[in-house]
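Going by the order they are written in, the chains are A, B, C, D, E and F; count residues from 1 in each one.
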Amino acid sequence: LSLCLVMDLSHLNDAERRQLEGLFEKKQMQDFIELYNGLTKRCFDQCVNDFTSRTVSGKESRCISYCVDKFFKASQRLGQRFAEHQETTGSGGPQ
Amino acid sequence: LSLCLVMDLSHLNDAERRQLEGLFEKKQMQDFIELYNGLTKRCFDQCVNDFTSRTVSGKESRCISYCVDKFFKASQRLGQRFAEHQETTGSGGPQ
Amino acid sequence: LSLCLVMDLSHLNDAERRQLEGLFEKKQMQDFIELYNGLTKRCFDQCVNDFTSRTVSGKESRCISYCVDKFFKASQRLGQRFAEHQETTGSGGPQ
Amino acid sequence: TTHSSMDALSSKQRIMAQEAELDALTGMFNNLLTGCQNKCLSTNHHDGELTKSESVCLDRCAAKYFDIHERIGEKLQDMQKAQMQMNSTMQQ
Amino acid sequence: TTHSSMDALSSKQRIMAQEAELDALTGMFNNLLTGCQNKCLSTNHHDGELTKSESVCLDRCAAKYFDIHERIGEKLQDMQKAQMQMNSTMQQ
Amino acid sequence: TTHSSMDALSSKQRIMAQEAELDALTGMFNNLLTGCQNKCLSTNHHDGELTKSESVCLDRCAAKYFDIHERIGEKLQDMQKAQMQMNSTMQQ
């Protein structure tokens, strides 16, 4: 969610950085939307498989809640590993 | 295919609405392309599994036709449920 | 990777073609990024399933290398079939 | 409440917000389509009609999807607020 | 027929149409790649070469994919025309 | 080496390169999330906590992912260079 903080922008001047900030803001919005829809998709797929009723059951509801919690804990952990990796390899990736 | 009709645009002025229309037109084109490619992928995956010939068999051809028909009937039904849901919850979703 | 070469641009004038070239350049960058991430995802999914160690094993390493090679050989072959198909059907696809 | 918060935004931001809403709706609808078709439709196509049980399944699937989408949305908004507060604290 | 219909468009619209065509081709090609690789390539990689049967499978898979892509395209165009007529009726 | 090559670019190109880098990082991170969560997390949710073995698996999965991502990146760059040389030969 904050990949922008990971990037090395020291070679840009102030005007370029301001322009990028607007772009980053838009991307963060898109990332949030994708996160939201992707998380719903993931947990819905894993937790809801009974269509004899149109009401979410207690069991499904708990599963969803655990699925979301686990997703964020796993994302946070992988995010830390990712940040550590970026620090050791510099700006990383092909340019 | 017509999610734009579902959205509440009453808080925008005329100039803003015109600008959005251009944007919507472009998105509708992209949505159509995604629909086309996604539908081909879905029905191809489900119906074509025999590669002893390079010609689509009668059985495969019927399967594709049924798959497309069912896709649109299901989409229409889910679209109705979606529209009903949007009406009851207002513009819905996080802003 | 060079779908732009497949398209028929004879109905555009020089200015339009120059504008498209800038657009194509951006898309090629995005395509390269998607190819890179998609290929990593594909071969990682197929080759790495042992998490008793944090080091990539010799077996995994060979699998990755073969997976990448095969991906490119298959892509090249399918790319040839695609180009042949585009030639026979003209610019193809809905407009 | 949506409209009053919208009034404070510039024209450009309002268009961007509307575009984001359309993207969010499109993404949600596409996931609903894929998810409920995968869960409810037989992949063994004998004809092009939806069976009665497929139709009922789609309706229930949609109802459950909307419910869960909303719950997760509320959870995300809480987390986002918490993160924004943390960010604004860090920027000071 | 494509060119004559193109001539009636503005420069901006022609660029947009060309961009849409590139997006359509890219999407189609990516689906062809993924679909036919999934159907034809062994995931048990013993070396980096395509076997003879994998190569033949890829060729046949591509031929079938193009055929089906076209059929579905024709069906979609018919439906799109019908919907556009419906829309223009509704707008009147 | 990155910065010296960056200096030769125009402002617009530098922004585009930075945007491409963000897209690349975002795509890589999303694939890491999906891939390692699929490989390491049980889908049988008994509570909202990561187990010890899930946490260890995520760490190892990430380490392997970074390694393989880099290897494939190097291979791709070699191939891209070869293709660019081929393209420049063809354009002459």
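In the analysis below, a contact is a pair of C-beta atoms (placed from the backbone, for glycine too) under 8 Å apart; a residue touches a chain by one contact, two chains touch by 3 or more.
Predicted model, so just to flag it, every value in this text is computed and none were measured.
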Magnitude of the superposing rotation for chain B and chain C (Cα, nearest 5°): 120
Counterpart interface for B-D, drawn from A-F, C-F or A-D and sharing over half of its contact pairs: A-F
For chain A paired with chain E, centre-to-centre distance based on mean C-alpha positions, whole Å: 30
Mean-CA-position distance for chain E and chain C (Å): 15
Two or more partner chains touched - positions in chain C: 32, 34, 36, 47, 68, 94
Residues of chain F whose C-beta touches two or more other chains: 24, 28, 40, 59, 63, 73, 76, 80
Of all residues in chain C, those that touch chain F in their complex: 1, 26, 29-30, 32-37, 39-41, 43-45, 47-49, 51-56, 60-61, 64, 68, 72
Chain D residues touching chain A - in the complex, by the definition given at the top: 16, 20, 23-24, 27-28, 31, 34-35, 39-40, 56-57, 59-61, 63-65, 67-69, 71-73, 75-76, 79-80, 83
Partner chain D, residues of chain B touching it in the complex: 3-4, 6-7, 9-13, 15-16, 19-20, 23-24, 27, 31, 34, 46-47, 62-63, 65-71, 73-75, 77-79, 81-82, 85-86, 89-95
Interface residues, chain D side, partner chain B - complex: 2-3, 5-7, 11, 14-15, 17-22, 24-26, 28-30, 32-33, 36-37, 40-41, 43, 45-50, 54-55, 58-59, 62-63, 66, 70, 73, 76-77, 80
